[in-house]
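Next come two complexes built around subunit A: one with subunit B, the other with subunit C.
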Partner chain A sequence: MDILDVAVNVSASTLRLATPLLLVAMAGLLSYQVGLVNIALEGLMLIGAFTAVVMGVEAGSVWLGVILACLVCAIGGAFFALFVTDLRADLIVTGLAMNFLALGGTAYLLQILFGVQGSYTPANFESLPVLNIPGLSDLPILGKVLFRHSPLVYVSWIAIPVTAVFLYHTIPGIHIRAVGENPEAARTVGISVRKMQYLALILAGLLCGLAGAHLAVGDLALFRENMTDGRGFIGLAAVYFAAGRPRMAALACLLFGFFEALQFRMQTTSNIPTQFFQMLPYLMVVVMLVAISVRKEWKKG
Partner chain B sequence: MKEVQQVFRVLITLALALVIGGIIMQVSGKDALNAYSVLLQSALGNERAIADTLLKATPLIFTGLATMIAFKAGIFNVGVEGSLYLGAFAAAWVGFTFTELPALVIISLAFIVAGVVGGLWGAIPGYLKARLKVDEVVSTIMLNYVAISLTEYLVLGPFFVPGMSNAMSQEVALQAQLPRIVSRSQWNPSFFIALAVFFIVMFMMRRMTIGYEVRVLGSNPTFARWAGMPVRRIIVLVMFLSGFIGGLAGAGQVLGVHYRFVAGFSRGLGFDGIVVALLGRNTAVGVLLAALFFGALRSGGATMEMFTRIPRDLIDIVQALIIFFIAIDVGFGWLRRRFAPLTGGSETDLLAEGAGD
Partner chain C sequence: MPYLMMQDITKHYPGVAANTDVNFAVEKGEIHALVGENGAGKSTLMKILYGLEQPDSGRIMLDGKPVIIPNTYSAIRMGIGMVHQHFQLIPSLTVGENIALGYESRKGIFVDRTGIATRVRALSEQYGLQVDPNQRVAELSVGIRQRVEILKMLYRNAKLLILDEPSAVLTPQEVDKLFEVIRNLVHQGRTAIFITHKLHEVMAICQRATVLRRGKVMGTLEVVSTNPVEIARMMVGADIDTVQLTTTSRPGIRQLHLEQLVAEDDRGLKVLRNIELSVHSGEIVGLAGVEGNGQHELLEVLVGLRRPKSGQIYICDTLATNLNGRQRREDGLALIPEDRNQEGLSNDLSIWENLAITRYYTAPQSRGNVLRIGHLQQKARELMQRFDVRANSHNTRVGTLSGGNAQKVVIARELAETPRILIAAQPTRGLDIGAARFVHEQLVNLRDQGVGIFLISADLDELLAVCDRLIVLFEGRIAGRLTAAEATRETLGLLMAGRSTENEVTTS
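Take a look at the complex of A and B:
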């Protein structure tokens, strides 16, 4: 196989693998900007994946499955918000509970509803159709890399600027950031901390739904127990790596997607253990957290 | 009186969670009462059942205590899982490398090395928090994944065993394998090591200077700073101890259950430790009882699945419900203070500032 083919394949699969990361990272970004460490992303994403498949089959339309996944996860986000705002529950403990519930709940329902353990592949159920962008998909090289993907891949690209514009150029977005920056000050100028936290977490839930849906019905059409496999945390890693900046977070997701693509590639072509690439995103975050702290110390003098 | 109230609260939490779990089973068309009685039978009904319960409780005692120690100091260590993995690998390494040593020596050495390795792993985020104010929740979550991948890399790379299809190490030397106590159960002496650690932790928290310092730091970081306590050093030490106990948990699983390191074997024992510490109200005795309770649920759940065809994942759901109830419980004021999202300037900042002198 010539080198160009390899490059094209790796690039295309990088974009495909980065999609759930991008979507869940935007969810993490909203939570980060409102001042909350949202570890429930992982669980919400899993619920999204489950809903997309189950409701897609039930409703007879994979697209309806995607929409319902967003809806269910948005409700999940509101549920999370209810705990951390109105019920004044601890953020991390509640997030932990959400993840346990998602993991146990989906596995339980899988067996109760379909009598299967581990994974569920519905018959006569197809994934989202590949969307070839007319005109562009026939371009040499670029067409294959950029314009022949599952529809949610494009959605993830749109989600980045939309999230950025929302956070920096709309009133609710600016209020969300104000709350994250300094809740007391935000309250003083009349911003409802509670409402902004609800808003951010509900939108985050919605994005988790999309991310999970892409995993389940983007390229495949099945649900596997724990199919998110830590992707929610990789998304969170991207956010902390970027210190909450949308563009940097997106770049980090692309990089992490690239690592994943390399892993798949190396698994089939060489005997080198690929775990190094698996831990790279997490290692990078820790290094970045240190760098950010050091810089803060420096500034303080 | 206060203790009675605490116990009462915990019992209500458990009862509520179990009742909702029962309703879920009924809605799924199963007989909840029957399921619970099968669960109880298979968790405590005979010698083997009790042994299995103690077996499942063992790693939870370790990880619960590990989480508790950090909690006491006001540190949310989510990284016990990572220490457990590295400790487990270290124990396995000792077990298959120093095969000439006599049983008692090799077992002690494996546990100690596992503890030190797990402790050093825990001390990393501890140091980052104490010295650089890096939030330990995020750093420990990330380091968990590093530990899981790192140990998998070790068994597939430098310590690869030719001919092994799965990601696992060599078996540890025969004399390093802890014997089974009861027939047809994997229950092994690592349970008693967990008990020993329980007593040591209790003694340490009540009678030793470090215990006092940890409690002061956890309950009133400003005072700890003003009193001139070496806050930074305490944070690193506490994280080392927490990781140390996490490492022991890993060693117990390797020498007592698997007899080798198996990549990804834990599946969240470290996270269960958080639940155990919370349910145990962050006291050593509470942790022990909570670990036994979850041990019973886990061992009973497996058998329940066999007899009633109710997925054992129900136990995860019940566990999640318990955490939800704990999360909103007024009794956990210290938790709320630390992460109060509504009030801004949290205790974490105070702690970090305290560390800054």
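Take a look at the complex of A and C:
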């Protein structure tokens, strides 16, 4: 296998692996901009994955599964908002509770509904069909890297500019940022802090649904216990790494996707213990976060 | 029929009667002052008018019609606008976005930025309030931010403007400009309520003044037929005599000396440039300046919280530049900090613990590593008596004390053992006139006992009342030095705005 093939493969799988991260990072960005640390992203994403598979099978359409995953997670986001705004529950504790509920709840339902543990692979159920972009997918190299993916990969690319434009150029977006930065000031001009928090968290939920759906039915067609495996937190870390800027957050997700792709590659081609490579992407997150805080301190002098 | 009538407004919080049967009427086209000391109930009344609070009872008539104002949104719709004392702006948004916030015009699904900018420009031209709609608020000075706040009201077409202590953060020259703007607005058919506790401002700009005291209206006065003394008397309920120096100072030996002091702020910008000053025993030296010109950093450098870039600090002839806070205190330094709740006291601890906190580690306050609690509590009771701290007992939690009593705890601690040099930063901020007078008397007494006092204050009246010498700080430089005799509101104002009288750095 020549080096070009490897590069193409790694690039393509970087994009595939970064997809759920990009989607969940945009969810994290909305929460960040409205001023809430949303650690429930992880749990919502898991619920999204579960819903996409189960409802996809039930409804007989994988696309319907994706749409229902978004809907269910949007409702989950609304619940989170209900707890932290109207019921004044602690943000972190509520987020933790949602995560554990999602983890235990999906495993429990798996057992109750299908009598299986660990993993559920429905028969006669196919993942979302790969969407080859007509014309572009035949390009040499680029075609294989960019234009032969599962549909939600393209959705994740669109989600970045859409989120950015929403936050910076539409009225609800600007109100979300105003609420996040100075809720008191937003209140004095008649913006409802509560409504904006609901809006941001519901939209974040919807994006979590997409992210979870991609994990479950994007390339595979199965649900596994804890299949999100911390990706919600990685997405959140990307947002903080980027200090809330959409493009930087996306870049961080791609970087993480790259290290994940690399680790898959290395596992099969080298004799260093695989655990080392599995650790690599997470190590990079730590290194990145340390790097920015060091730079911040350095700037301060 | 007045334009605005607030009738029999009562609002009580647990333990606090913020407003009791308040009647307040404003005529169309007037500038009406709402005066009173901190805690007199001005803010509560205006929050009710602006829909931020609901009254327990009472009613509001606007333009002859009874109205209910459940939230700010409806207040704004009725044409009521408010400039808050603490600006309500979003730093990362642009001037235009801030001004239009909540009332943006749209173009399709997007914000109509050009439309907003055009309207903002038109308004800023009409009222002489220059701003750049595309600049981010984070980059603006305080004075310009206030312009943005005023434009925000005008953009919403407010007819009744509430200005909550608008001059507090401005230089005297900026205040003049602000007054011009307010007069202009009223001239164009708007009505203004001007909240302040600066009486000369009431005299300068208002037609009538309503005085609040302890949540009740003491009266409404025509400004042409009254004078500051009468208003002040209504505010405090007793004749006040501004504390004036009773004796002349007799400066002695040098207690505090700064030599070529240079320091940077947290962002790495130079905020103190070659500061040279001395404070001698038996004098009060005041540091004047609009906030944000280096006073805060100078204070931090003096007490050992910030390391100077270069230069030296001497406390009572000891080189103190590299000493920590405790060592400086042991050399005779005492401090009344800027923010007593954050830096001066631990709100969760009792009075006696707060009083002990600077000296607990030496005999006779402790033996070995064990506190002598009985002794400390006994000492605390004595200090509470001596400094008139009013509380149930020495065990009372400091967080439950009023501002004046809390400040007395700080003063009791700092003056328990007579210091050689006292640094007092904004020592009367947030205090009522009675408590402020107590503080001023303490300062003057202390001076007469031969202590050197360095008074950092944003309150010109305070500085003019008690200081023997004044130093004005502007953009981190000493802009001028005045004796008490030379200092007036005008000379200080010019120096605070940057008209330096010092061509070169001179020593005093």
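Observations, loosely collected:
Just so we're on the same page, the second predicted complex is superposed on the first by the 272 of 301 C-alpha atoms of A that agree within 3 Å, B and C clash if a C-alpha of one lies under 4 Å from a C-alpha of the other, contacts with A are read in each partner's own complex, and residues count from 1 in each chain.
We take it that contacts are C-beta pairs under 8 Å (C-beta built on N, C-alpha and C of every residue); 3 or more make two chains touch, one makes a residue touch a chain.
Please read all numbers here as calculations on a predicted model, not as lab measurements.
The larger set of touched subunit A residues comes from B, when the choice is between subunit B and subunit C.
Once chain A of one complex is fitted onto chain A of the other, the partner contacts of A:Glu184 extend to both subunit B and subunit C.
In the superposition on chain A, A:Thr170 contacts subunit C only, with no contact to subunit B.
By the touch criterion stated above, A:Ala97 is placed in contact with subunit B alone, subunit C being left untouched. Contacts of A:Pro140 after superposition: neither subunit B nor subunit C is touched. By the touch criterion defined above, A:Ala107 reaches subunit B but does not reach subunit C. In the superposition on chain A, the residues of subunit A touched by subunit B in one structure and by subunit C in the other are 182, 184.
On the side of subunit A, the complex with subunit C involves touching residues 165, 169-171, 174-175, 177-178, 181-182, 184-191, 299-301. Contact residues of subunit A toward subunit B in the complex are 35-37, 39, 83-85, 87-94, 96-98, 100-101, 103-105, 107-108, 110-112, 117, 182-184, 193-194, 197, 230, 233, 236-237, 240, 273, 275-276, 278-279, 281-283, 285-286, 289-290, 293-294, 296-297.
By the touch criterion given at the top, residues 24, 28-29, 76, 78, 128, 132-135, 137-139, 141-143, 145-146, 148-150, 152-153, 156-157, 271, 274-275, 278, 311, 313-317, 319-321, 323-324, 326-328, 332, 335-336, 338-345 of subunit B touch subunit A in their complex. Contacts from subunit C toward subunit A in the complex involve residues 50, 52, 71-73, 76, 82, 84, 87-93, 97, 101-104, 106, 109-111, 152, 264, 266-268.
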